[in-house]
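Each in structure tokens, the structures are laid out below.
After this come two complexes, each holding chain A, first together with chain B and then together with chain C.
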Partner chain A sequence: MDLFLQQFFNGLTLGSVYTLVAIGLTLVFGILHIPNFAHGALYLIGGYVTLMVMKGTGAHYFVAIFASIIVVALLGILMERLVFNPLRNSPPIHDKIAAIGLVLFFEALVQLVWGTEYLRMFSPFDNNISVAGVLMTSQRILVIVVAFVVVVLLTLFLKKTMMGASIIAMAQNREGAFLVGINANAVAMMTFAISGALAAIAASLAAPINLVFPSMGHLVILKAFVVVIIGGMGSIPGAIVAGLILGMTESMGATYISNDYKDMIAFLLLVVIMTIRPKGLFAKGVH
Partner chain B sequence: MRSFKKGLFTGFLFLLILVLVACGNEEATPETTVDVDADPVKETEEVVEAKELTIGFSGPLSGPAATYGGETIKGLTMAVEDINEEGFEVDGQPYTLKLASLDDKYLPNETAANAKRLVQEEKTKFIYSPHSGGIYAMQVFNEMEDFIIMGYTSEPGVTEQGNSLMVRIPPRYDQYLEPFTKYEMERFGKKIAFLPTASQYGKDWAAALKPVWEANGGEVVFDESVDFSKDTDFQTIVANALQENPDVLFIGGPSEPTALIAKQARDLGFEGGFLIMDQAKLDEMAAVLGGNYDMLEGSISTIPLVNSEYPGTAEFIEKYKANNDRDPGSESAFHYVSLYVLTGAMKAAGTVDDTKAIMAKMDEAAKNLPENKQAYSIPGVEEDGGFGSLLRIAYIEDGELKIMGTD
Partner chain C sequence: MGKIFNQRNIIILLILFALVFPLIYADNRYVLHVMTIGFIFTISVYGMNILAGYTGQLSLAHAGFFAIGAYSVGILTTQGGLNFWLALLLAVLITCATGFVLGLIALRTKTHFFAIYTLIVGYLIYLLIDKWDGLTGGIRGLIGIPIPDPIGPITFESATSMYYLVLFFLLLAIFVAVRIVHSLTGRTYIAIRNSEDLAQTLGINTTMNKLVSFVISVAFAGLAGGLYAALTRFIGPDVASTHMVFNFLMYLIVGGIGTLSGPLVGTMLFIWFEQFLKSYQEYHMLIFGPILVFMVIFFPSGITGGFYKLKMKFQSAKNQKNVRHIKSIPVKSTKE
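Let's turn to the complex of A and B:
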């Protein structure tokens, strides 16, 4: 039973990180109508900026995360303005090529500026605690709590504010949104900024558990893609549920079936869900 | 007009990618050529033009193992610079060494393609590679194409194939199995859980360790591996391993993520020892664990270079630190030493292209290595091309690194 609780908790931690990354991905999908491959680059930069702010200025972990959110959100806006907005009338393949170009660019940039070494981010929440026989560090609890709070705030923002409603409107029907007078540029920029901020939060939360290194974006973004596909492209509740499902599958699969096959189990799940619901669990018919 | 603009932009984008890729390559291919003026004494008689001699290298310069590949290149580059500065002459003919390095992303098939390229384009007779997969791939054709593989791997298999043009630089890992096992068993107990890296190298290590551990009366209670290129969190597998109540954990892989596994095991209440594969280095592990050995209490592994005391180690570390703001690891030091051995063998053989003759003189060259170059002292080169073994074992006791055999 202890092991089950322990692994449940591990799955929750993993799932929280996947969810945060996947929500950013799924939001931008609403605007671009393609998966934004460059999202992993935002995650990567988010991790490095937090670490470098902590190291360079000795700032507190939370201050550094805040700085990172701002930097990466701005970077997201820049991406939208300089790359994706000029491409908005081109065939979708151009967006994809541009996104891959961005990934290559940012990874090379990080290698050039900060080197290839694995770096460790020391968080102030590294103490061990034990709850009901489950051993954990407070950092892991922080991951879950922050992910939860962020998701709640985001949902409120999307449901209760005009700005949020216009993001959803854009995702549902771009022409319709234009007709009712929504400023497409502002909404697109806002969406990229939120997506970048989520990536920065996810990276900064996960980094003390793992390490900071130039290919850290790949690992997470691959999983986030799976999450977005399982949950349904463009669906936020889908990303949340699928993120937790994937995290749980990984930890439980590794525990009760086999560690070597845990990725296979996750992808098998993907195949099964795709067979039953080809558009994902919560698809809303986005093309 | 619109489509023209689009075309222009796409073109520009591709150009940008091309430029970036080109920059990346340039960055990753430090071709070091230091011109050496001909010997001043000879200048008065006749000027002998220095010829260029290319040393090939194929290793990971991008991706997760880029740091490792970069360290090996640093060691080689330092040796090339030093040798060129000192002047390198074979049979009266001065040579300037040049390093031609290609990125293989840690993939054996890329290593093989790179090796072919180095042989055809650079006409090199010597190719370095720092991973067993790539070395095996080159062994398929290195005798036919007549080049010496300078392999940096402790995998004993690479020198057991009877390849006549194969040099294995670091000591083979199987010599560590017995002493590691004895130490951990005596100090902690007989139950071990296996959590090494999922690379071929890690699996081979585990396969070699298992019979030794069992022969000593131990039991393997958990046997899986961690894939550092896929996993984002190790807590799950570590918790599963600890469920079996092991006394010792067998871990290994790149130093930093390996250190993280040790930390997560401690977070989950593990109090036993760590038997660490020679790929991970204790000093580098400690660096990501707050700079001390507290969490690694009871670990046994190879001796970090900074704790080694060979005649040339201090000089090497100082030289390395002049250009880098960190401590060197064993891979850069071994590469540095190995190039001196290789060039020494060329001098002794009086040739730079008769590979067989050069191989025959390897042992002599290792033994005659100048003391100040001995960042590692190589006792000799064995028949099979492996550098002679030097047992370098360190363990952590009471939070301090101790060296086996010294107390």
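Let's turn to the complex of A and C:
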């Protein structure tokens, strides 16, 4: 039972990180209909910026995360302006290829600037707490708490503010949103900024547990795609549920099936789901 | 001048050049090796072009199928002790069979879902090769794949003979690709690419056609993979990695997606470009990544597509000068 609770807790941590990354992906998809393969690059840079700010200036972990959020959000805006905006009228295959070009570029850039070693990020939350036989590091608790707070804030932003409402409006009906005078450019930039900020938060939270290295975005982005597809492209509640499901499955699978094949579990899950329901589990209606 | 440099003469010249090439570099194994690798990748990229360029389905599992071809040859020759030619034939058949099953499932998904689904299937193939120690040698890879068995008096021990062998398959692959594209089947694929709904309305069985196109595309990858195994004689799980498929995609885009000469131009250009930048291997992508983005934004049809557009512009300008007094009628080119 203890083992089960322990894995449940670990799954929750893992799921929180996947959820944050996947929400960013799903937001961009909902609005611009781009599967942003370059999202992994934003995650990667988010992790590195936090680490380098902490190392370079000796700033506190939270300050570094804040700096990283700003840098990656700006990078997201830049990406939208320079790459995806000029491509908005091209066939969908082009966006995907451009995104792949961006991934390749950023991975090489990170290797050039910061080297290929695996780096350790020290977080102020490295003490252990034991509750009812479950051993938790406070970093893992922090991941869950921050993810929860961020998701709540984001939901409030989308539901209660004008800017958020215009993002939702554009996701629901593009032409309709234009007709009532919503500025498509502003919404697109905003979406990329939020998506980048979420990636930076996720990377900074996961880095003290998982290390920082040039290919850290790779697996995470693939799994975020799994989450987004299971949850339905463009659906935030779907991303939250699916993120937690995936985190749990992986954590339980690693314990009860095989640790070697734990990465495969996520992908097999997706292959099975897509085989049965080609448009994802929670996809609604025709697109 | 236009008469001498027409299409047929250029093709004959290129083939002649490819045939004479080993005589010029007879003692330079390195140059021949790079050329041969380039040819192998070109075969694979032609496969990708049929599916992504003509049928409009971007499959990111292409490197996975390349690896299935390579590992089939590797395992059948080293562990099964099979003759290379039989192994190569079986490798293509195995790749086609896998492609058929996967295509049956994957092609039910559309556009973005298809790209993501195949990306993840490609990654699964990579993980499978990486973890299945007993069969694939895991991360250590497969070592000691034999060179192709001699056919009668012809042996394949030298770099030159391997070059000619691969060249033969390359010409065959290009020939098949040209025949497909110019046939009714090819037209059908283009119709599906331009609008799947419209194609369906015209009475085209889109599912069937997409599946066949997928299997053909995968067969090219399997053949290329098999040849790759015989040439390098060592293969590791890296051949299935996402970087491999991104490379194929880059060759295709820069060369010209949906054109017949694009794969050849793009692949050979990049293979040599990579050799010149060899000492900066890790940082290749600092240049290639932005090139890819730049090409997609400004020259979506690649080098060859851009060239044709320029040529057509030049021709229409010339025509307009000749018939200035005739009211110009806008002519839309439908030729791909």
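Rule of thumb we're sticking to: the second predicted complex is superposed on the first by the 264 of 287 C-alpha atoms of A that agree within 3 Å, B and C clash if a C-alpha of one lies under 4 Å from a C-alpha of the other, contacts with A are read in each partner's own complex, and residues count from 1 in each chain.
We adopt the following convention: a residue touches a chain if its C-beta (ideal position, glycine included) is under 8 Å from a C-beta of that chain, and two chains touch if they have at least 3 such contacts.
Note that this is a predicted model, so its numbers are computed, not measured.
By the touch criterion defined above, A:Ile209 lies against chain B but remains apart from chain C after alignment on the C-alpha atoms of chain A. After overlaying the two complexes on the shared chain, residue contacts for A:Thr137 are found with chain B alone; chain C is out of touch.
Applying the stated contact rule after C-alpha superposition, one finds that A:Gly101 touches each of chain B and chain C.
Of the two partner chains placed around the shared chain by superposition, chain B is the only one that A:Phe122 touches, whereas chain C remains out of contact. In the superposition on chain A, no contact is made by A:His60 with either chain B or chain C. Contacts of A:Leu87 after superposition on the shared chain: both chain B and chain C are touched. By the touch criterion stated above, A:Val271 is placed in contact with chain C alone, chain B being left untouched. Of the two partner chains, chain C is the only one touched by A:Tyr261; chain B is not.
Of the two partner chains, both chain B and chain C are touched by A:Gln111.
Common to the chain B and chain C interfaces on chain A are residues 86-87, 90, 94, 97-98, 101, 104-105, 108, 111-112, 116, 260, 263. On the chain A side of its complex with chain C, the touching residues are 29, 33, 35, 83, 86-87, 90-94, 96-98, 100-109, 111-112, 116, 218, 222, 225-226, 229, 233, 260-261, 263-264, 267-268, 270-271, 274-275, 278-280.
Per the touch definition, chain B reaches chain A in the complex via residues 2, 6, 9-10, 13, 16-17, 20-21, 23-24, 27, 62-64, 66-67, 70, 224-225, 229-233, 235-237, 239-240, 243, 254-257, 260, 267-269, 288-290. Residue ranges of chain C in contact with chain A, taken from their complex: 52, 56, 58, 105, 108-113, 115-117, 119-121, 123-124, 127-128, 131, 242, 246, 249-250, 253, 257, 282-286, 288-293, 296-297, 300. Residues 3, 6-7, 10-11, 13-14, 17, 86-87, 89-90, 94, 97-98, 101, 104-105, 108, 111-112, 115-120, 122, 128, 135-137, 140, 206, 209-211, 213-215, 219-220, 223, 250-251, 254-255, 258-260, 263 of chain A are the ones touching chain B in the complex.
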